[in-house]
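Below, each structure is written out as C-alpha cells.
Two complexes are shown next, each including chain A; its partner changes from chain B in the first to chain C in the second.
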Partner chain A sequence: MDWLEDELRRALAREDPPDGFAERVLARRERGTSSARRWLAAAAMVVVAAGAAGAWRQHQGNQAKQEVMLALRLASAPMDRIQSEIRGITQ
Partner chain B sequence: MLTEAVETGYDFRALVRQHQATVFSIALHFLRDRATAEEVAQEVFFSLHRNLHQIETPAHAAAWLRKVAVQRSIDEGRRRSRRPQVALADAPEPAASIRPGDPLLSELLRKLVATLPEAPRMVMVLRYQEDLEPAEIAAALEMPVATVKSHLQRSLALLREKLARRGIGESGWTG
Partner chain C sequence: MKSLLLFACLTALPMLAAPQQFQLNLDSVAAKASEHVDVSLNAATLQFAAKFLDANDPDDAKVKKLIEGIEGIYVRHYKFKSAGAWTQVDLEPIRAQLRGPEWSKIVGTTSSENGADTEVWLHLAGNKSIGVAILAAEPNSVTVVNIAGTIDLESLAKLGGHFGVPKVKPADKAHEEK
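Our next item is the complex of A and B:
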C-alpha cells in the first residue's frame, strides 16, 4: 500500500458528529411533521370553507330563481284572463 | 415511531445512528466546516425521512444517504463559494520531525485536499474516507469511471508534489 494513500485514509477517516446529533435530527423531524400537519389542517379548512361558500351561493341562486319563477307565474295569471276575455269578445 | 417502522420497515432513529458518521464526515471533509457539515447532515437525514418509503434494502439506504450527502455538500459548497477555502500558502509548515502517522501530517493533508477543485476533492473523500472503488465513486457522482481514475491519479500526484516541496515523502522524511 502506498504511504500517501495510507496517510490519506488516516486523515480522511470518518468522524462522529457532535454529541446529540441524532437527537437534533429527530427533534427537527418532529418539528417538520407537526408543521406539515398544521399546513394540512389549514389547507383542509380552506377547502371546506370554499366548498361551503360555493354551496351557499348555489342555494342563494336557486332561491332567487324560484322567486323569479313565482313572480312570472303571478304576473302571467291576469294576462291569461285578459287574453281569454279578448278571445271571447272577438268571437 | 413504531408505526413508522411498521409502515416503512425501517427504524429512522437506528438509520440515523448507523449512518451519521458517514454523512457528517462526507460534508465535513468536503466543506471543512463542522457547523455547516452538521447542518448539511441534518438536511440529508430529514430528506431521508421524507423518502423513507422509497428505501428497499439496508444497502440501498446506505447508498442513498451517501449520494444525497455528496449532492448536498456540493450544493452547499457552491452556494457558499468556499472553494478554495484554504489556500495552499495557508497550510501549516510541517514540524521539523514530521513522520508518517503524525497528526500534523493528517491536518496538512486535509488542508491540501480542501484546495482541490470540487470534483477531484469529492472523489478523494469518497475514495479515502469511504474506501469506495472507482466504479462506486463513478455511480455516486454520475461521472465516467475513467474520469474518476484520472482525478485520483492527478490528485495523488499533485499532493505528492506539494508534500515533497515541504520535505515530506518517502525519500524525504525529516527528523
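Our next item is the complex of A and C:
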C-alpha cells in the first residue's frame, strides 16, 4: 500500500500556482467583461439605429402621403368645379 | 463594371419613362403670386406614399386606388392678393404646349359668375390616354396640374369634398341655398 499512498500524496500535494497566475486570471476576467460590454453597446447601437431608421422612414412616408393628398386636393378642386358646372348646365 | 452600368441604366429607366409631360414654365405667374405651392411626385414617391395609405381608412383607400395607375403628379398652384394680378399672356407658355398634336382638350368651362376658366386636356398616345393636364385660372389663383399615367377623372373629381376640400355646388344651387 505504500506505493499507493505515495502516489496519492504526490498527486494531492499542495502546489503553488505559477508566477503571475492570479493576475492572468483577473486580466482574462476583465477582458471578458469589457468584451461583453462592447457587445452590449454594439447591440444597443444597432437597436437605436434600427429604431431611428424606422422612425425616419415613417416620417418620410407620412410626408410623401401628405404631398400626395395635397396634389390630389389641388387637382380635384377644378375637376369638381367642372363637373358641377356641367351638372348645372344640364339640369 | 459593365453589368453594374447596365443595372444602373435599367433601374433608372422607369424614372425616365414617365417624366412631366409638359414644362410648367410659369415664371411670370410666380413672380406676381403672393403664395405658391409646388408639388412634384414621381412614380417612386407615389409608390412609397401608397405604402403609408391605410386601406381600412375610406379616404386613404380612395387615394390608394386613384394613384395606382399614376406615374407622376406635378402641380403648380399660385394665389394672388388681388384679382387681375395675372393675365392670359402669362399662361400662354402652357397653352402653347397643350396645342401640340399629342394633347386633346376634352372640356373647358368659363364661369360667368367668377370668371374662372377651367380646362382639361388628355395626353394621347394613339387612342390611349397617358396623361392629363388641368389648367384652372381664377381671378385670384392659377392652378396647373400634370398627371402622368392613367387616372379615373370622375374619381378625382369625387375627391372634392374630401380632405377638407369644400364640395363645389352648381352656381344656381348655390344661389338657391343663399
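We adopt the following convention: the second predicted complex is superposed on the first by the 80 of 91 C-alpha atoms of A that agree within 3 Å, B and C clash if a C-alpha of one lies under 4 Å from a C-alpha of the other, contacts with A are read in each partner's own complex, and residues count from 1 in each chain.
As a convention for this text, contacts are C-beta pairs under 8 Å (C-beta built on N, C-alpha and C of every residue); 3 or more make two chains touch, one makes a residue touch a chain.
Note that the coordinates shown come from a computational prediction; the quantities given were computed from them, not determined experimentally.
In the superposed model, A:L72 lies in contact with chain C only, and not with chain B.
By the document's definition of touching, of the two partners only chain C reaches A:Q91; chain B does not.
When the two complexes are overlaid on their common chain A, residue A:L4 makes contact with chain B while staying clear of chain C.
Look at A:D19: by the touch rule set out above, it reaches neither chain B nor chain C. Applying the stated contact rule after C-alpha superposition, one finds that A:G32 touches chain B and leaves chain C untouched.
In the superposed pair of complexes, A:I82 makes contact with chain C only, with no contact to chain B. Under the contact criterion defined above, no residue of chain A touches both chain B in one complex and chain C in the other. The part of chain A that touches chain B in the complex is made up of residues 2-18, 21-22, 24-26, 28-29, 32.
Taken in their complex, chain A has these residues touching chain C: 58, 60-62, 64-65, 67-88, 91.
On the chain B side of its complex with chain A, the touching residues are 12-13, 16-17, 20-22, 24-25, 28-29, 34, 37-38, 41-42, 45-46, 49, 100-101, 105-107, 109-110, 113, 124-125, 127-129, 131, 156, 159-160, 163, 169-170.
Interface residues of chain C, counted against chain A in their complex, comprise 37, 39, 41, 45-46, 48-49, 51-53, 63, 66-67, 73, 75, 77, 107, 109, 111, 116, 118, 120, 134, 136, 143, 145, 147, 153-154, 156-165, 167-173.
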